[in-house]
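Okay, handing you the structure first.
Chain lettering (A, B, C and D) follows the sequence in which the chains are written, and residue indices restart at 1 in each chain.
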Amino acid sequence: MHVDADDLTAFRRELHRHPEPAWCEFYTTARIVEALRARDVDELHVGPDALEESDEPRMSLPDQATRAEWKDRAVEAGADPDLLGRLDGGNTGAVAVIEQGEGPTVGLRVDIDALPITESDDEDHVPAAEGFRSENEGYMHACGHDAHATLGLGVLDAVRHSDFSGTLKVFFQPAEERVAGGGPMSRSGHLDDVDALYAVHIGLDHPTGEIVAGVGGFLAVSGFEAEFTGSSAHAGAHPEQGDNAIQAMADAISNMYAVPRHADGPTRVNAGVVEGGTASNIVAERARMECEVRGQTTDLMEYMWEKTGRVLDGAATTHDVEVERTLNSRAPSAESDEELASIVADVAEGVEGVDSIMDHDDLGGSEDATYLMNRVEQQGGRACYVGLGTDHPGGHHTSTFDVDEASLRIGVETLAGAIEALSETDA
Amino acid sequence: MHVDADDLTAFRRELHRHPEPAWCEFYTTARIVEALRARDVDELHVGPDALEESDEPRMSLPDQATRAEWKDRAVEAGADPDLLGRLDGGNTGAVAVIEQGEGPTVGLRVDIDALPITESDDEDHVPAAEGFRSENEGYMHACGHDAHATLGLGVLDAVRHSDFSGTLKVFFQPAEERVAGGGPMSRSGHLDDVDALYAVHIGLDHPTGEIVAGVGGFLAVSGFEAEFTGSSAHAGAHPEQGDNAIQAMADAISNMYAVPRHADGPTRVNAGVVEGGTASNIVAERARMECEVRGQTTDLMEYMWEKTGRVLDGAATTHDVEVERTLNSRAPSAESDEELASIVADVAEGVEGVDSIMDHDDLGGSEDATYLMNRVEQQGGRACYVGLGTDHPGGHHTSTFDVDEASLRIGVETLAGAIEALSETDA
Amino acid sequence: MHVDADDLTAFRRELHRHPEPAWCEFYTTARIVEALRARDVDELHVGPDALEESDEPRMSLPDQATRAEWKDRAVEAGADPDLLGRLDGGNTGAVAVIEQGEGPTVGLRVDIDALPITESDDEDHVPAAEGFRSENEGYMHACGHDAHATLGLGVLDAVRHSDFSGTLKVFFQPAEERVAGGGPMSRSGHLDDVDALYAVHIGLDHPTGEIVAGVGGFLAVSGFEAEFTGSSAHAGAHPEQGDNAIQAMADAISNMYAVPRHADGPTRVNAGVVEGGTASNIVAERARMECEVRGQTTDLMEYMWEKTGRVLDGAATTHDVEVERTLNSRAPSAESDEELASIVADVAEGVEGVDSIMDHDDLGGSEDATYLMNRVEQQGGRACYVGLGTDHPGGHHTSTFDVDEASLRIGVETLAGAIEALSETDA
Amino acid sequence: MHVDADDLTAFRRELHRHPEPAWCEFYTTARIVEALRARDVDELHVGPDALEESDEPRMSLPDQATRAEWKDRAVEAGADPDLLGRLDGGNTGAVAVIEQGEGPTVGLRVDIDALPITESDDEDHVPAAEGFRSENEGYMHACGHDAHATLGLGVLDAVRHSDFSGTLKVFFQPAEERVAGGGPMSRSGHLDDVDALYAVHIGLDHPTGEIVAGVGGFLAVSGFEAEFTGSSAHAGAHPEQGDNAIQAMADAISNMYAVPRHADGPTRVNAGVVEGGTASNIVAERARMECEVRGQTTDLMEYMWEKTGRVLDGAATTHDVEVERTLNSRAPSAESDEELASIVADVAEGVEGVDSIMDHDDLGGSEDATYLMNRVEQQGGRACYVGLGTDHPGGHHTSTFDVDEASLRIGVETLAGAIEALSETDA
């Protein structure tokens, strides 16, 4: 199999030096596109062409100034200004397609964004010691999406040079950390003819050499913000003239947690951030909170969404304030297809360096690969989420997270092998 | 002055033996009407003719079966069945009018209903010892309205035999204990030409010999019931199928107490009775509560009424249940006219047995004489509420309450004297 | 196999005529004991001897007057007064033991109490039509425990006449409907040497001819009452003097539903009944509610128990009232042993009239057979809950519930057959 | 009378250019002290000598870094570094004493701090147009305390040159805007022999030429912060592991507003600022709020303080978190002495430029002059708060607030006149 471990490492390190947050993956997208152009793929859909067109702003889209800043930074780092011009407004990411004769259309989804975490500069932290620590201070690839993008490119290479017969589409998805990019990419049209989709995540507390052939248990999630707007008043002189945004929010919080449990399965609710008001002696005109609801299934999440919506309306009515709810992130639930998973398990057994194969594991959290997985399944296809073990010194989303680059080759060989195997089966 | 203390005592004792609750004052009304007919008054408006006509049921009207029971009891006790036939459906009470030439139209308002309290049968309790304890077990004149009705009759007699020149109207008002009768009587039309209105209350912790020339500080009040109707469900098997009436009510209670204070003056709110649900393992379909709001002024009470209405609606929205609010009682606020009060004070000084005159006292509670007072004032007249001291062994609304019958004569002489004095002034 | 269907029917009908509520199964226990004495069993433990001794009153024990009434009724119905004398104070029920040589100790648990439901007198209702309708008006065997007790006796007879080698213990458990009798019987000592325990329930929406070989999914449950005691005050005159029991209870209700979900599995909470207060204008001195918490496991139920306890304490602190929580019912969770279940399934295949065998079903609710099941398992034994189908026209706990008596023979043959089979295996 | 209007204007403008927030009045104190030294007063108590010694940090004391910054700024502006060294740690302010023979000890209290408001640079705004706009950007004398300090100096001068016989103490109080300085100054000992105390406020919507001879209706107030500390957890993966600080705070807010009204008079409560939590998917470990309670009397404020304390404890218990309450500000209620007020009214009649004298006005808010007023009264003295009208274009606490400097002379003459008059009466 065609895999150059050094190339993988080099590409991953370059992305690692340029971490970018959701919807600002300007440099990252440009570097991926540059690499794909060098490979002469059959189709290349970039930015707006890789996503659903929408009149609404993307969920969790940073403001224009922030985006402009990141675009400038990408230009400075050497990205093509013409290309960047097409990516603004929530249009990062890319889809690459290679066609190799008759056979199934197979997809691979990888995500590409980074986190607002300051990377460790400890000498024990390999990126610091070896000179590829983040150059965007305050931001970091602390969840391995640099490795994911590298896997996408590596698998494409490996499949190109394999006996795979069919079509391969690699989805470089933006804005996963805000659970915001999966929806628009899933509705781009590019998923609609995919017969089998793999998605992959590195780490997740599995060591190098372990493959999880089928991750499931994704909780469906909606992250949202609720802003309450009332009227301020002097709390001593005229309490009755206020319409108290803080009191309304407090009421809503209590009632959100009290939404009834559901017999069909686990649900979740959280009000994780609150802020509001201006002074202790002023009835607050404004308050806002950042919340989320989850469910074992999409239906259960939607039950929580509907019920918490009622709670917000009820609190607004009670306290005579306005409330506006904004959806920040959303992902459905999903399970991995067992047949696709067993193909991965079979292939992994023959991959050098794999010493442990888990049949199944539950994520217990949420991610928006599920949008792409659901889309494929709704069109009659199948989808499977694969875990690629890697020794990682720090936990995900911490400043000392890092991946064992030896796992990159293992991941490419496993995924490319599974994709190749699919061309031989009735995918 | 024409006052026969023995007659007063005898009449009061007869009413005391026949206590009847709000809107069921059948025997009481019949006895008053009989006494008035014997006096050949100029006009006598009974039952429906003494109240506003209304398509709505009276507030706090007992059900038909209860009313029928009380009517039967009145017949048994010797009341005229023909008369009783006119009183059903919330039409008890009477207005008597005597016309004695040119002069002001003066009103006196007394109330006539009793309470659901079992009267003491202790030998220290005078009605028990002297044989005029309640014959309607479980009910009792525990607030002195038997004395009030007697004062109404006594004052009418005394004025008839005095030099008073003008018109006197005596209002025998039903359903004060439920704060329900004052509204309908105030809108009967009989108040509309009244130039000066006195209302009177016995006791209130003032001893025999004390007159309070001007009671004020009546809180406006609305008593109401709220009934929540949701959907039941098995709390273990399908909590999500329930729309929880108890949870909604609990939410509403918390928020009702949290209605903002008002800078214009005192407000009050209370949820005094709750009940709901059927079993610990069933999500409650139904819950109800009995509540009240008050305000120093009618505006302040209405502020609380509007705000608590919002709270009920908000709780219903939050918990997806229906809520219905029913007004049980209502009275506005009022203050006593200072000139009318000073006439009372002046007259009282000359009444035998009066040894203390208070200029003013605050009630601190609510009563619906205020409806009649407000009505008179809205038409350009004046109104004053008078306190008639009496030694009362037990507190109001307790099983050992009783009045010192010596105060009846004092009350008649004071009130009749003030009314007579009004014909000489420019009332 | 020794089964007399007519005897089963006659015994069931006699119990059906004499339904008795939890801890008042005086006649029922007496009739069971009489029947057991006629059979000359090896050991017979009655009332206090069948339960754990305790200084605490039994959970959900009715008051002395109620118990005395039921005892009188039992005497009138012909029960032995001497025996009844031993049963008072929460000591109903019995354990019968037969010893038939070497072999395992096998238990069968049946429950014996009835419900406070008025039985239908419709002519379509078989007990009414055939003259064995409840003679204790307002009470009814509406959950089939009359059939359960009959099964207990029938199985004992069948096993006595079979080739079973070992010891059989039949547990006639009181107070299941209040989830109160299982705990005391489980700690009686009689379970401690049981190698295999069967429990049985008739109906549960399975038709005659169906056997559920292994019921599971019992939610652990605690039913409780919370009583709040504050101080009353006049809500208009002195709101600050009240310590508001209703407000405290409302606060607690909101917070109980808001106890965090648990990742380990389903939890439940409900405040199903509330009542409190005396009048709309009085700050309530007293309020109480009937509640329950559940969990998929006993640990999860205890998590809810602890958290709701905190909520009650917090509400009491906030509103300066006292709160007292009383445990009314409790049962742990349980699952059925698969091997015992498969023995039932195997035997059932050969029983005449069985036409459907379900491997497993989830109860989704709670019952306190789980106490006995857990006790046996803690001592190293195994336990299995069996569902015995019966056509039942009305649902459980409704006035038209009835069992198809043809299922009694099926139940006896299946359970006795399984018990006999156990003596041949390594139970 | 010795009053130089130009000097008053010059001094006021200099203070206006150097606004400093509570406990950071370094330059202000230094300038006042410098002016007092030039006048050779009999006693001068500066910083710690003007306040109660305390081991506790002053309420609302800014952190060390902030204080250091303000001290540096004062040095730059020309203040004496040696003096400043004594003022740190919440020890700003001064008390000046002049002794002029036999007679009463009279006090005058003025406050000296400014607000965190950016001053208008509009050309209509006189300080901007005439070059004495704030030089401490972001801070402003937006409530007239620059004028107050000037009045203190002016009155001292005028009294020195008058026939006043007795002792005059002028209290230059720090940290009024945080309602924090009055307590420590009141307990300094310097008030304990004061027979009559005047306090003064400029503006308050009264025009130039109007004197309010007796302001009252100060609400007692306590401003506080409550910080909740629980445990964070992933809201999706392990909601049960969190102890939710935001949920606890929300619960407390709802219950604080629901503290019962009090029959003795108005009370207030407000949660004016909230913030907490880190992310929508994390159960919040920490949340805090800034609140206040008020009462018409100090007792009523303390009732609210005690009740809201219970609420915080209850919420902490319910949600298993810690809560810490910090008092930020406190002031008792007060009323003005009528005799001192009438002296002011009498004197004001003779002051040139006074064209309107109000007998009394209610503040409706809070301020901590009441601490000094109460202290004097507790020692048998009397106290009166005087309103000095001034045309002010913008409202208090707005960026366009300014005073009409013509009112400075009026204020000095009125207050010095009243003080002089006191030496002739039996103060």
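Assume a contact is a pair of C-beta atoms (placed from the backbone, for glycine too) under 8 Å apart; a residue touches a chain by one contact, two chains touch by 3 or more.
Just so we're clear, the structure is a prediction, and the values are computed from it rather than from any experiment.
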Which chains, if any, touch subunit B and subunit C both?
-> A, D
By CA centroid distance, what chain is farthest from subunit D?
-> C
Between chain pairs A-D and B-D, which one is joined by a greater number of C-beta pairs in contact?
-> A-D
Rounded to the nearest Å, the gap between Cα centres of subunit C and subunit D is 69
Measuring from the mean C-alpha position of subunit B to the mean C-alpha position of subunit D, what distance in angstrom results?
-> 51
Touching two or more other chains - residue numbers and ranges from subunit C = 237, 239, 244, 247, 251, 254-255, 257-258, 260-261, 263, 268-269, 283, 364
Residue numbers on subunit C that touch subunit A, as the complex places them = 254-255, 257-261, 263, 266-269, 364
Subunit A partner contacts - residues on subunit D that touch it in the complex = 219, 221, 223-224, 234-237, 239, 244, 246-247, 249-251, 253-254, 257, 268-284, 287, 290-292, 294, 328, 364-366
Once bound in the complex, which stretches of subunit C touch subunit D?
-> 237-242, 244, 247, 251, 255, 258, 260-264, 283, 303, 310-311, 313-320
